[in-house]
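Paired with subunit B in one complex and with subunit C in the other, subunit A is shared by the two complexes that follow.
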Partner chain A sequence: MTADRHRDIKLDSWSVVSLLSLVVLPLVTTNPIVNSLAYQVAIGISAAMAIYIMLRLGLLSFMVPAFMAVGGYAGAILAKAGATNLLLLMLVAFIVPALAAIPLGALVLRLKGIYFIFVTFLFNEMLQLILFETPSLTGGSNGISAVPPASFLGWSLDTPKALVLVTGLVCLIASVTTLMVTQYFRAEFTSIEENETLTESLGVAVWKYRTIGFVASSGVAGLAGFALVNMLSTAHPSSFASWSVNSYIAYAFVGGRGTMLGMVVGSLLLIAMTNEFAAYAQLSVGLYGILLLVVMMALPGGIVGTCIDYFENFKARSAGNLKPATNER
Partner chain B sequence: MESVISAGVIGLSLGTQYALISIGFTLIFGIMGVVNFAHGGFYILGGYFAFTLTHTFGLPFSVALILAALATGAVGCLIEIVFVEKYVADHLATMLITLAIYQIMITGITLLYGAEPVQFRFPVKGSFHGSGFYIPYASMIVSGVCAVAIIAVYYLVYKTRYGIALRAMADDGQVARAQGIAPVMMFPLAFGIATALAGLTGALVTPILALEPTGGEAVLGKAFIIVILGGLGSITGAMISAFVVGLIEAYTSVYLGGSRGALALLALVVLILLVRPQGILGTVARRA
Partner chain C sequence: MSFIHRSLSKAVADLGAPRLRVEGASKRFGGLMVFDGLSFDIPPGGVLGVIGPNGAGKTTLINVICGMLSLTAGSIHMGDRDITSKPFHVVSRLGLARSFQQTNTYSRVSVEENLYRAQRFGAQRIGAANKGPDLGIAGLLEAFGLSGHLQERSDKLPYGLQKMLGLVMVLATRPRILLLDEPAAGLERRERTQVDRFVEHAQTILGCSVLIVEHDMDLVRRLCPRIMVLDAGRLIAEGAPDEVLARQDVIDAYLGPSEEPNHAEP
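After this line comes the complex of A and B, so read on.
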């Protein structure tokens, strides 16, 4: 195991451990502002993790809101039918989009680069229209309102504190899933990201690992969708608008696309910033834009990636062996 | 029968508008390899430039149209030089940079003009009545101007030395550079021309549809559909597919209804893409 791999596992594991705070937070404070921030960050991180899994394969997926909708609506329909068990809802919110991703993956994973981005963007648009065209199942433009909150061992998790707790828990599970998938298949994912043709020529079944990543990413997005629907008690098409993916992409790239810690830092920073400037809601999109622009131009590795590069350089300097900054994280 | 003719006329009118907006988008990708996520923003910017010039400065619509296109092109050129030029080789970076620019643009427009649509009306009213169909004069003027602009772009790209240099850059940047073609001149001008086309379309079309800060999102979505259908980077492909999309949209909205029609169109595009990722023309103009 290389030093880089050790460091990345450590960073990713610590980022997951740090997310325990999202679960603990509602238990130690009743401050509505803190709790509101906690649930927004939890949902943002979960969605960013779905982006991260695909980035590990060198693909930027715009389908995250679509899979969030599939998971969210699946949970809402089940809860409306009376099955409110938290574990069952989480399982369904993960499995339904993951299963949907298998045939979809067979179609879209043949594409790469810009074509993959375009097709996944179009699938988002299609799903929005499907939601509007299937009112008997999804409530159409009205969505599904008054979704019962999840319950566990007979307790209804309907208090504001419990709702935030569930959202934090979902985020933790989504992040652990991401950690397991990206670390277990790290060698294959990295090879595919670095040089797909060479990887394939070495006998690695690229399609298999791409499908695994796509299915895992879809399931994680589904969990994020479920967390959102459970928190708002409503599954509405506007919650999963195609352009919402821009925010999740911004979280990933501002934080640093190369590590899970980047997803956590990016989500936390941008969501906290949006809340800070809540009084100037019209400005928040522009502020995202400015931050994304600055990061892409000045810190192409994102905040975490740049910090890692500086730290590595500092270590190398201290050891009298200067390594050039790679800016690839 | 009357509705068939009517839908056909609407489809052709939509096709000319879509062609103009998509040619700019595909021009930028074909020459620079940049997916311009801000293209919808330039469309809206053109609309607001024209609105300001006509409503605040009282200029005639025709003059405002030309000035709006030039101003949008100048903004595009400047943005290319300051933000895009350095990162042209990186698809992902330029995509995210232009996405960020789009976000900044719509926020700036919202701060200046508000989030609600502004009252911007096309100066010519009335319509031409044929046997069983009618065409608003506004649509005829828009289609006419779009057609002239498309011909001008074709002339520029295929008949001038600048166009030859642009195509040489698109075909093989390294060889083109070795021949003395300087990308430092080519790219900003190409970006400026493409954004001017978006601005011109915005100035022309928003008085008929609506002028609001977020109006560019739907336009970008449409441009996506058209350019991937026609083949990324192919100007002729974009033009053909713009008319195909315009006609499909018109007929499906008449016979299937708005959102079902849009769904049918998206499904068709995805199917075509999955079978022929290089688009209907069948040539990969530039590697994605």
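After this line comes the complex of A and C, so read on.
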């Protein structure tokens, strides 16, 4: 294993391990503020992971709220029909948006850069329209309310503690899925992101890996949507508004778009600060904006990216002082 | 013994090396005809040099053969297989690989990671399944001075090393036909013999057929028993290098027509 891959897999694995805390937290504390933060962060991280998978391919997808809605509504419709098994709901919330991504991917994955961003953003608006125009299936502007909570082995997971636990668990599964997909296809994904022409010249079917990434990203977004619906016990169009994607993208870029750890750090920091700024009612949006500006200008690689660069440079300088460059590590 | 081994491995490799056949190839961009009705072939294990002034259509020729661009008319065959306008990655997976005129590597990762990726992608080649002779990559890296830089980011390497890394990466995909787009461009004179070494290595180990687009006439003379000259998309000469490069129309194409010596003063 080359040093580059070794470092990446170590960082990503540690970030997933750190998410165990989201599952443990509701078991050890009843503090409503902590639990509220935990579930918001869990949903934020899950959505940011969907952004992250596409970023690994060099694509910034604005379609995450749309796929969150597909997963969330699929889970809600199923739960309303009486199928509340947690594993089944998670499976459906992953598979339905993932399947929807195949034909959509054939359309949008031909596009790159700003065109991809623009079209994926439009899909959010189209989905909102579909939600409002299909009241028999989605409840229209009222959404689907009183969605039964998920259950497991006959136990209804309806207590506040259990709801946070389920949200943390969904986040963990979304992150493990992201880890598996991005690590298994790491060479292909990062090569496509960095130099598509060279990658194609070496025999890689770029469309195939883009589709794999898009399908996985959609499934992960669907899980995030399910977690949100299960937490709120409501599937409503406003939960999946187009603008919400801005937050998820901000988590990715502030944390550092190159690693899964970046998603965790970005989500945690920005959600915690949003809650903190909420105390300054009218100023909160402005304060949030200033925070984004400062972090993006001072740390263009995001927090984690900048730290990695710093440590790599430090290591290189130390190695240069101590010994000549070695061939093997 | 070494000679016998090399001859044997080349003969074995030759058995599967397909003939590259280009027939009546034309490429047009809107109103601009880049080349028209071009036909040639490269026998298994053969080397064909393509020369011509800038803008003659040499790189476009490589681009259409490898599938980066589609042909306007004509056909391209690898052995019996029609690869006309097949997607770029499919042509590559069939064993036809190209190098680039400029340096082209994964610039943000180490040399070692670059090589790993090329090997990984090459292993997915149709019918290859990572089988075949040892490619001797370690020896090539040593010869090109790359083995001391395996942990360095490829964009930190000097230009010549980046260029050679690009060639080694192409070799790592186990191609049967190589299209080299100005492999010596930008290399110092003493570095250019590394291109000779690379081509000979690819031929010895894999029995590759090679098409080389190049401006360095010494290199062309050394490597190519046969060359063709393109000028504004037309094939103006074909044959042995010494013979072709001595022709007046070829010299004119490169240097511009020589002035008539007898302009009488009025």
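We adopt the following convention: the second predicted complex is superposed on the first by the 314 of 329 C-alpha atoms of A that agree within 3 Å, B and C clash if a C-alpha of one lies under 4 Å from a C-alpha of the other, contacts with A are read in each partner's own complex, and residues count from 1 in each chain.
Here, contacts are C-beta pairs under 8 Å (C-beta built on N, C-alpha and C of every residue); 3 or more make two chains touch, one makes a residue touch a chain.
Everything numeric in this text was worked out from a predicted model, so none of it was measured.
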Partner chain in contact with A:Ser239 - subunit B first, subunit C second, else both or neither: neither
Subunit B versus subunit C as contact partner of A:Met297, first or second or both or neither: first
Contacts of A:Thr178 with subunit B and subunit C, given as first, second, both or neither: neither
Contacts of A:Gln40 with subunit B and subunit C, given as first, second, both or neither: neither
Touching partner for A:Ala187 - first (subunit B), second (subunit C), both, neither: second
Touched partner set for A:Ala205, first subunit B, second subunit C, both or neither: second
Touched subunit A residues, subunit B compared with subunit C: B
Partner chain(s) touched by A:Ile249 [first = subunit B, second = subunit C, both, neither]: first
Touching partner for A:Thr167 - first (subunit B), second (subunit C), both, neither: neither
Residues of subunit A that touch subunit B when the two form their complex: 60, 107-108, 110-115, 117-119, 121-123, 125-126, 129-130, 132-133, 242-243, 246, 249, 253, 282-283, 285-290, 292-293, 296-297, 300
Contact set on subunit C toward subunit A in their complex: 66, 68, 87-90, 92-93, 97-98, 100, 104-110, 112-113, 116-118, 120-122, 124-125, 147-152, 169-170, 173
Partner subunit A, residues of subunit B touching it in the complex: 29, 35, 83, 86-87, 91-93, 95-97, 99-104, 106-108, 110-111, 115, 217, 221, 224-225, 228, 232, 259-260, 262-263, 266-267, 269-270, 273-274, 277, 287-288
Contact set on subunit A toward subunit C in their complex: 2-5, 187-188, 190-191, 194-195, 197-206, 325-329
